[in-house]
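The structure follows.
Each chain gets a letter, A, B and C, in the order it is written, and its residues are counted from 1.
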Amino acid sequence: MEILVFVKQVPDDGVEVRLDPATGKPATGSIDKVANAFDTYALELAARYTEANGGKVTVAAMGPAGTDSTLKNLIAVGASKAYLFTDPSFETGDEASVACRLAQLVKKCEAENGAPFDLILCGKESTDEISGQVGARLAEELDLPFVSSVIEVAPAGDKLVAKQETEDGYIKFETAMPAVYTIAKPGYDPRYPNIKAKLAARKAVIPTFSAADAGVGEAPCFVECLGYTEPPKRQAGLKVQEKEVADTVAKAMEILIQDKVL
Amino acid sequence: MGYIISDDTKELLKDVKEFCDNEIKEQVKEYDIKGEWPKPIYDMATEMQLTMMDVPEEYGGLGLSHIDQAAIVEEIAKADAGVAVTINGNGLALKPVLIAGNDEQKKKCCDIILNGGWGAFALTEPDAGCDAGNGKTTAVKEGDYYILNGRKCFITNAQVADFFVVTAMTNKQFGTKGMSAFLVYKGTPGLSVGNHENKMGIRTSITSDVILEDVKVPVENRLGEEGTGFYTAMKTLDLARMWCAVIGVGLCQRCVDEAAVYAQQRVQFGKPIWKHQAVQFKLADMEIRTEASRALVAAAIRLADAGLAYTNEASAAKCFTGDSAVQNAVDAIQIFGGYGYSREYPVEKLLRDAKIFQIFEGTNEIQRMVIGRSVISNH
Amino acid sequence: MQAFVFIEVKEGALVQGSLEAITAAKTIGDATAVVVGYPELAAKAAEYGAPVICVKADGANPDEIVASLEAVAKAKNADAFFFAGTQLGKDLAPRLADRLATGCVTDVTGLEVVDGAVLYTRPAFGGTVIEKLKNHGKVQVATIRSGSFDKPAAGAAAAVEEFDPALGDVVKAKIVEAAKEITEAVNLEGADIIVAGGRGMGDAEGFKLVEELAAVLGAQVGASRPVIEEGWISRAHQIGQSGKIVAPKLYIACGISGAMQHISGAMASKYIVAINKDEDASIFGVADLGIVGDAKQILPLLIEEVKKRK
């Protein structure tokens, strides 16, 4: 089983992003760049699948030159190969552009890997844009079966069964291979790297390709960002704190009744 | 941070920090109350290979530099000093083997650690603490064996150890020159472990007596020549002091971190308390002590790495860091005010954890004696 | 502009978010509702004022739905296709957009038409940044975030048109099993009052106080992400960027510090009450009433007070 996991490098989502007053754009420059959380869940799921059923996991990313550091870190936690695609043309575009490029990159990755992929995974959304479109559009571009928000994958003969997490339960889908799945948070966390694997991975050299190297041409782009604003602020109201808890509650009740909310 | 480390080690440190934040920091609160050895945490730490940083590369170790290792141990100590002490316990047990052992002994002990096992260094006795040369444990040679009898106390990791380094008198008349060191493996008949010590702090580390009753130890398990045990133990302690200081730095830093965050949150007299100069000065002193401690540790590590004498520097680092950790914890509690005295808040634990750093691996009084004597002898 | 809306069906009922999307569609042109499968619900959908196209297909399988919507969009020359911001809606919209060779905007919270062009607003970065977007593609495909538009008032039924897309075998992902694990009825989107709890409730036992207060207030129970991760309550209760977006009249946040990730899901509430022992918790910055104190101590007293006044 050959699994390809596409990874996006995003600003650490533990840090709140604000607009830079000078540029009017999200100020992400000083925030640590990490692998998108859902992509790391995808890698962990893939690693567990191949550990149980055989095979190997390849990770690939489109991104600026520094993205190789993120990919090295992923080699320490389950990926056996990594490819980086970096090109000024990749910096622009919308989800349609990204999906179109990724579809072409699959071919390059397969050529480098020397074997076709049986399964292509993406996180269900990235923690920066949170649009959740790329996996779905990639499946359409490749004309492959698609299942979203997958939390479990099991072999079923020459097919796969993907368990999709839903709002109140799950749906299991059976698909042929290859397929494109997007991954939600499974019932486990990504592993921590052990020190040896980490040190070895940090020494890895990540093969890096430009658009021309990878044979990626023009990509469509439909959605244009006209600008950014900050969300409307809510005015902070009254704060109640008395010496005794009972008095605090009594005073709060008084205000709630006065404001006609109770 | 006073350690200069590579970008790759910084990436590794991020993982360690994430591990500490997610799996140690909050979890240890309950273990601290119960005084229980947090096995799930240690299993994960073993998985990450944090317990095997002292294994040399030629014996399958990780190949971290000592400064890298110090930065990692400090990160763990920031989350919980007890966990750092336990992990460091493996290094403590391995050091005498690496100092005095033969190739086979080294390989065997390193393999134990690499396979997720634990070691314990058993030197201290009820009547021989700082005065380690006055041990009552004996090793009497009978044919191809030594028969060990005696009692060791305050032994870190004793209850979980797969191997012990035990010091015993092979010839009492020779005093410290009559002491030898032995490798004793778990399960050897006559070897038993006492109750877990109910400690004031570092309660996530396990500490117990080790009892030796006619324990038959093959001659080949002796570390080095007969009579070299005290020398081996002292060399071990030089290193141990350095590493104990590393943990102390982590404690110092945690005090600064907690106090700095709280001082920005807590508002009194209409402003965050850090804006009151009294609090600012306290924070500054805490930071100065932390950086100075770390610099002393780094200096000792540099000397040791260069193969130069570092006994005094290790003593100075251990002593200063221990005192700093206690003072920083006291100051952190003071900055937290009444809340600092409450077990609901994290800083009272830091003081309980810090106190031992003035005591173990040679009390700070002993360190001052070591340093004081050397000052005189150098003038 | 001909704006189509996919009407999602869940457990035999129309999904509220899809009805809200009808209102969104009406702001940019003439709205038409599309029901895939479930012909018995077409008349119900027509009550919301938009004509309905009832497609003959399997309404449970996403592959069938996408293919159906593609057929409708092409046959009717759709200028826009809107979806509810549900899990299914977010799966279908980009797939349809790709088939129609156009762009897609998800999580839309606002719409306006300027010089004939549709401009969208949507949150990004966990809700700390709002983007203004324009889709230059020939079809406007979007998912509408729940609570951003009111659902239309039910009234006289509009026309229903049957549509047979004559789909061949379009299913690539076959449903082999579906299960409902969370059987409790959780309706956070439609709730007037929500009592939500966070990590500050301490443990599962402490979280019961949140449920108790909700019970005496006739409110729904919400939770922040850490609570779901700790397993104190099922994920059906999660509010925030990765959970439900809610807009009740009264939102009571207990032991929730107020990470943007959570607050952004409750910002549209009319009145927010925050209970937190940390007087500097960021939740107080958005609360109409802040109660400083340990939620574990406040809640029992609050429950008693509410009971007394009933």
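One rule holds for everything that comes next: a contact is a pair of C-beta atoms (placed from the backbone, for glycine too) under 8 Å apart; a residue touches a chain by one contact, two chains touch by 3 or more.
Just so it is clear, the structure is predicted and the values come from calculations on it, not from any experiment.
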| item | value |
| --- | --- |
| Central chain (by mean CA position) | A |
| Chain located farthest away, centre of chain A as origin (C-alpha) | B |
| Inter-chain pair with the most contacting C-beta pairs | A-C |
| Centre-to-centre distance between chain C and chain B (centres being mean Cα positions), rounded to whole Å | 54 |
| Chain centre separation (chain A, chain B; CA means) in Å | 41 |
| Centre distance in Å when chain A and chain C are each reduced to the mean of their C-alpha atoms | 22 |
| Residues of chain C touching at least two other chains | 279 |
| Sites on chain B touched by chain A in the complex | 8, 11-12, 15, 18-19, 22, 44, 47-50, 53, 62-64 |
| Partner chain C, residues of chain B touching it in the complex | 265, 267 |
| Residue ranges of chain A in contact with chain B within the complex | 69, 72-73, 189, 192-196, 198-199, 202-203 |
| Of chain A, residues touching chain C in the complex | 11, 13, 16-19, 26, 94-96, 99, 127-134, 136-137, 139-141, 144-149, 161-162, 166-176, 179, 220-231, 234, 236-241, 245-246, 248-250, 252-253, 255-257, 259, 261-262 |
| Contacting residues of chain C [partner chain A, same complex] | 62, 86-87, 90-91, 93-95, 97-99, 101-107, 119, 121, 123-137, 172-183, 235-236, 241, 249-250, 260, 264, 267, 271-273, 279, 284-294, 297-298, 301-302, 305-306, 309 |
